[in-house]
Amino acid sequence: MRKYLIVCFTCLMLLGLIACTAKTPPAAEIENPVIRLSTTTSVNDSGLLPYLQPHFEADTGYKLEITSAGTGAAIEKARTGDADCLLVHAKSSEEDFIGEGFGEERLPFMFNYFVIVGPADDPAGIKDAATAAEAFAAIANSGSKFVSRGDDSGTHVKEKNIWKDAGFDPAEEDWYISVGAGMGQTLTVADEELAYTLSDKATFLAHDNSLSLLKEEAEDMKNTYSLIAITPERWEDTNHAGALAFIEWITSGKALDLIDKYGIEEYGEPLFFSMR
Amino acid sequence: MIVLKDVKKVYDERIVLNIPHLVFDLTKRYALIGVNGSGKTTLLRILAGILKPDLGEVTSTSTNNMGYMPQSPYAFRFSVEKNVAIALDKEQVSKDQVLEALKAVGMDHLQHAYGNQLSGGETQRMALARMIVKPRNLLLLDEPTASADIRGTSQIEKALLKYADDNNCTLILSTHSPAQALRLVDEVLFLDEGRVIEQGPAEDVLHHPKHPVIQEFLDHWKI
Amino acid sequence: MDGLIKAINLLFGENPELRQIIAVTLRMSLISTSISSLVGIPLGALIGSREFKGKHWVQRFTNTLMGVPPVVAGLAVFLMLSRSGPLGSLKLLYSVTAMVIAQVVLITPIMTGLTATIISIPAPRIRETAQGVGISTWRQMGLMIYECRSQLVSTVLVGFGRAIAEVGAVQIVGGNVQYKTRVMTTAIMMQTNMGKFHFAISLGIVLLVISFGINALVNYLESRGNA
C-alpha cells in the first residue's frame, strides 16, 4: 500500500514538472522532434514554407526538415522511407500512394491556380479560351511550341490531364518539348523557344523571363495541395506523431490566416488560398 | 667556304663559344677536338644553322646540301628502314637506296627492327645511314662514334670515308679521340673553353702541339 | 537489389527510349571528341613542337582553359546561343549541335594542353635530328604526332570519356529535351530526381561499362606504348 502511494506521488510530481514547463515546450518532451517534410518545389521555392516554418517551430517545439522536388520525386521519397509527411499537389498520384498503404488519408487544405504563360503576342490566341483545355487545343491546332515539365511532378500530371480533356496526345509531336526538369528551367526553355507552358503562379512570378501570363483562374486550372501523414507501418522510424502535429498546426485557423496573407506584400495578391 | 666572324654564344653569362675569325675550306676534312664543354657541339650546331650565334655572323658558299648528325640522334618508334627514309623526300624514297645505306654501316640485317629498340651504337649507325642515304656536299657530325663499340666505330669510319670520297663531301666532325682524327681528317681544330687554341694539319697539331693544354689532353690518351 | 534486377531487364528489354538516349549520347560525344581532336591535337603539336616567344603564356592560358568548370562553359555557350545572345538567330539552343559546341569548348583545351605536354618531351631531340637531315617544320610536326601516336590516342579517349560523362554544360545548353537532347547523364539526374531509380541505374550501368571500357583501352595502349 505504501509502495503504491510512493509511485502515485512520484507520478504526480512528474506530471507537475511537465505542467510547469509546458508553457515553453522543450524538445525533451517530444520523443522525436524532427519532422521530415517532403514537398513540391512550388510551395518551397515560392517562399511559403520558409515563411511558415518559424511560426510552426515556435508554436510546437518541433523541428522541420524540408526537402523539395517534383511531386513524383517527393512521393518517391516517402515510399523509400525518407519522409514523415507529404505536402504535394497531384490527386491521382496521391491516391495511388494511399492505395499502396503508405498513408491513411489525403487532406486537401489549400489551393491556387495554375497559369498558362507564353509569348506576349500569343500566336495561338489562347487569351479568349474559356478553359485550360480550350487553350491547349488552340496551342495544338496552331502548332505553336509547348514546353512540358515531363518530370511526373504535380504540374506535369495536371498538364497531362488538361491534354486529355482537350482530346490530344502530344507526346510524340515535334512542337512538344519535354524537358524533364523543374519549373524554373522549364520556364527558361519556354522563354528561349518562344513557347507556351503550364506553370504554378508562384514560381512564374518569381522567375525572371519575358513570358506573359496569358490564362489564369479557369475552373480546370485549380491546383489543390494536400497533406498526407506517412504510416509508420512500413518504416518503423517514421515520425508519425510529428507528422500529425504538423498537419494539426497547418490546418489551424492561425496557419490558414498566414497562408492567405502570404504574397500580398511582394506581389500585391495572395499566392495560395486556404480551404475552410 | 664557310667563314665565321666574331661569333659569340653565351649561356647564362658564360661564354661557350668565342671565335674572332675562322675559315673552313670545303675541299678539306676537319675534326674538332677538345674536352667536354669546350664548345664543339655549339660550333657544330651553329654551322648547321640550328643555333643562332648571339653575336657575329656565319657566311657560307656552296653548302646547300648539308647534313647534321647530333650526338644522340633520335630513333623513331618505327622500322629502321623508315627511320632512314625520313631523310629522303617522300617522292624520292627508294628501298634500294635505303638498303644500300644500311649495308654501308653494317645495319642491313636490322632493317625491320624498331628504331626505339636499338642499342646506342646501333642508333648511331642508323643515324649515319640517314646522313649518307643521299648525296650531300657537307656532313656535320657530333661525335659520330661516341656510343659505338670498336667494330661499330670502324664500320662508321669506313662508311664515312667511302661516302666522302664518292660524293666529294666535306666532313666536319667532333671527336675525343686523336687517333680517330688522324684516321679521318686533314685538319684539326683544338677547342678549349670556347676558343680555337690551335688549328692546322692533323699530324702537326696532334704530334707536335704547341699549346700545353693540348699536350696535357694527349697525355691522357697514352697508356 | 530489386532495382538492379529491374534495371538489367530494362537494359535488355524493349525500351526504345533508353536506346535512343544512348544513341544521342554516343553521337554527341563522338562528334565533339572528333572536332576537339582535329583542332586540339594540331594546335597542341604546334605549341609543343617548337620554342617561341610567349610560349610560356600560351601554355598558361591553355592550362587555365583546361580548368574551366563545365557549368561555366555551359553558361557562356548558353548566353551566346540564347535568343537574346549574339548567335541567337542561329536558333541552336537546346539542340545536339549546342551540346557539341559546349563540349568542344570544354574538351579542345584539354586536348591541346595534353598534346602539347606529350609532344614537348621528345620534341627537342626530334627537332635537332630532323633539322639535321633538312626536314621541313611541318613534316617535323607530323613526325612528332606520329611518334606520340599511342599517347595521343589515349588523349582522344580521355576526351571522349570526359564528353560522355559531362553533365553540367549539356544540361544548360541541351535542356534535357526528351527524344532530342536527353543524354545519359542528364537522364540519370532527371530520373533520380523523379525517383525512378531503376531507369537511372540502367543508364548508370551503361555509362560505367563505357567508362570502364575506355579506361581499359587507355591502359592497354599506354602499356603497349611503353614497351
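In order of appearance the chains are A, B and C, and numbering begins at 1 in each one.
Here, a contact is a pair of C-beta atoms (placed from the backbone, for glycine too) under 8 Å apart; a residue touches a chain by one contact, two chains touch by 3 or more.
Owing to the predicted nature of the structure, the values given are computational and were not obtained by experimental measurement.
Peer 1: Between chain B and chain C, which partner chains are common?
Peer 2: Neighbours common to chain B and chain C are absent.
Peer 1: Could you tell me which two chains share the largest number of C-beta contact pairs?
Peer 2: Chain pair with the maximum contact count: A-C.
Peer 1: Using C-alpha centroids, which chain lies at the maximum separation from chain A?
Peer 2: Here the answer is chain B, farthest from chain A.
Peer 1: CA centre of chain B versus CA centre of chain C: separation in Å?
Peer 2: 46
Peer 1: Roughly how far is chain A from chain C, centre to centre by C-alpha average, rounded to an integer in Å?
Peer 2: Going by mean C-alpha positions, chain A sits 40 Å from chain C.
Peer 1: How many angstrom between the C-alpha centroids of chain B and chain A?
Peer 2: That pair's centroid distance is 85 Å.
Peer 1: Touching at least two other chains at once: which residues of chain C meet that condition?
Peer 2: none
Peer 1: Where on chain B is chain C touching in the complex?
Peer 2: Per the stated touch rule, the residues are 45, 48-50, 66-70, 72-74, 76-78, 86-87, 127, 130-131, 140.
Peer 1: Sort out for me which residues of chain C touch chain B in the complex.
Peer 2: The touching residues are 122, 125-126, 128-135, 143, 146-147.
Peer 1: So in the complex, which bits of chain C are touching chain A?
Peer 2: Going through chain C, the ones touching chain A are 82-83, 93-94, 175-180, 182, 186-187, 190, 193-196.
Peer 1: Write out the stretch or stretches of chain A touching chain C in their complex.
Peer 2: My answer: residues 69-70, 72-73, 75-77, 79-80, 150-152, 177-182, 185, 189, 191-194.
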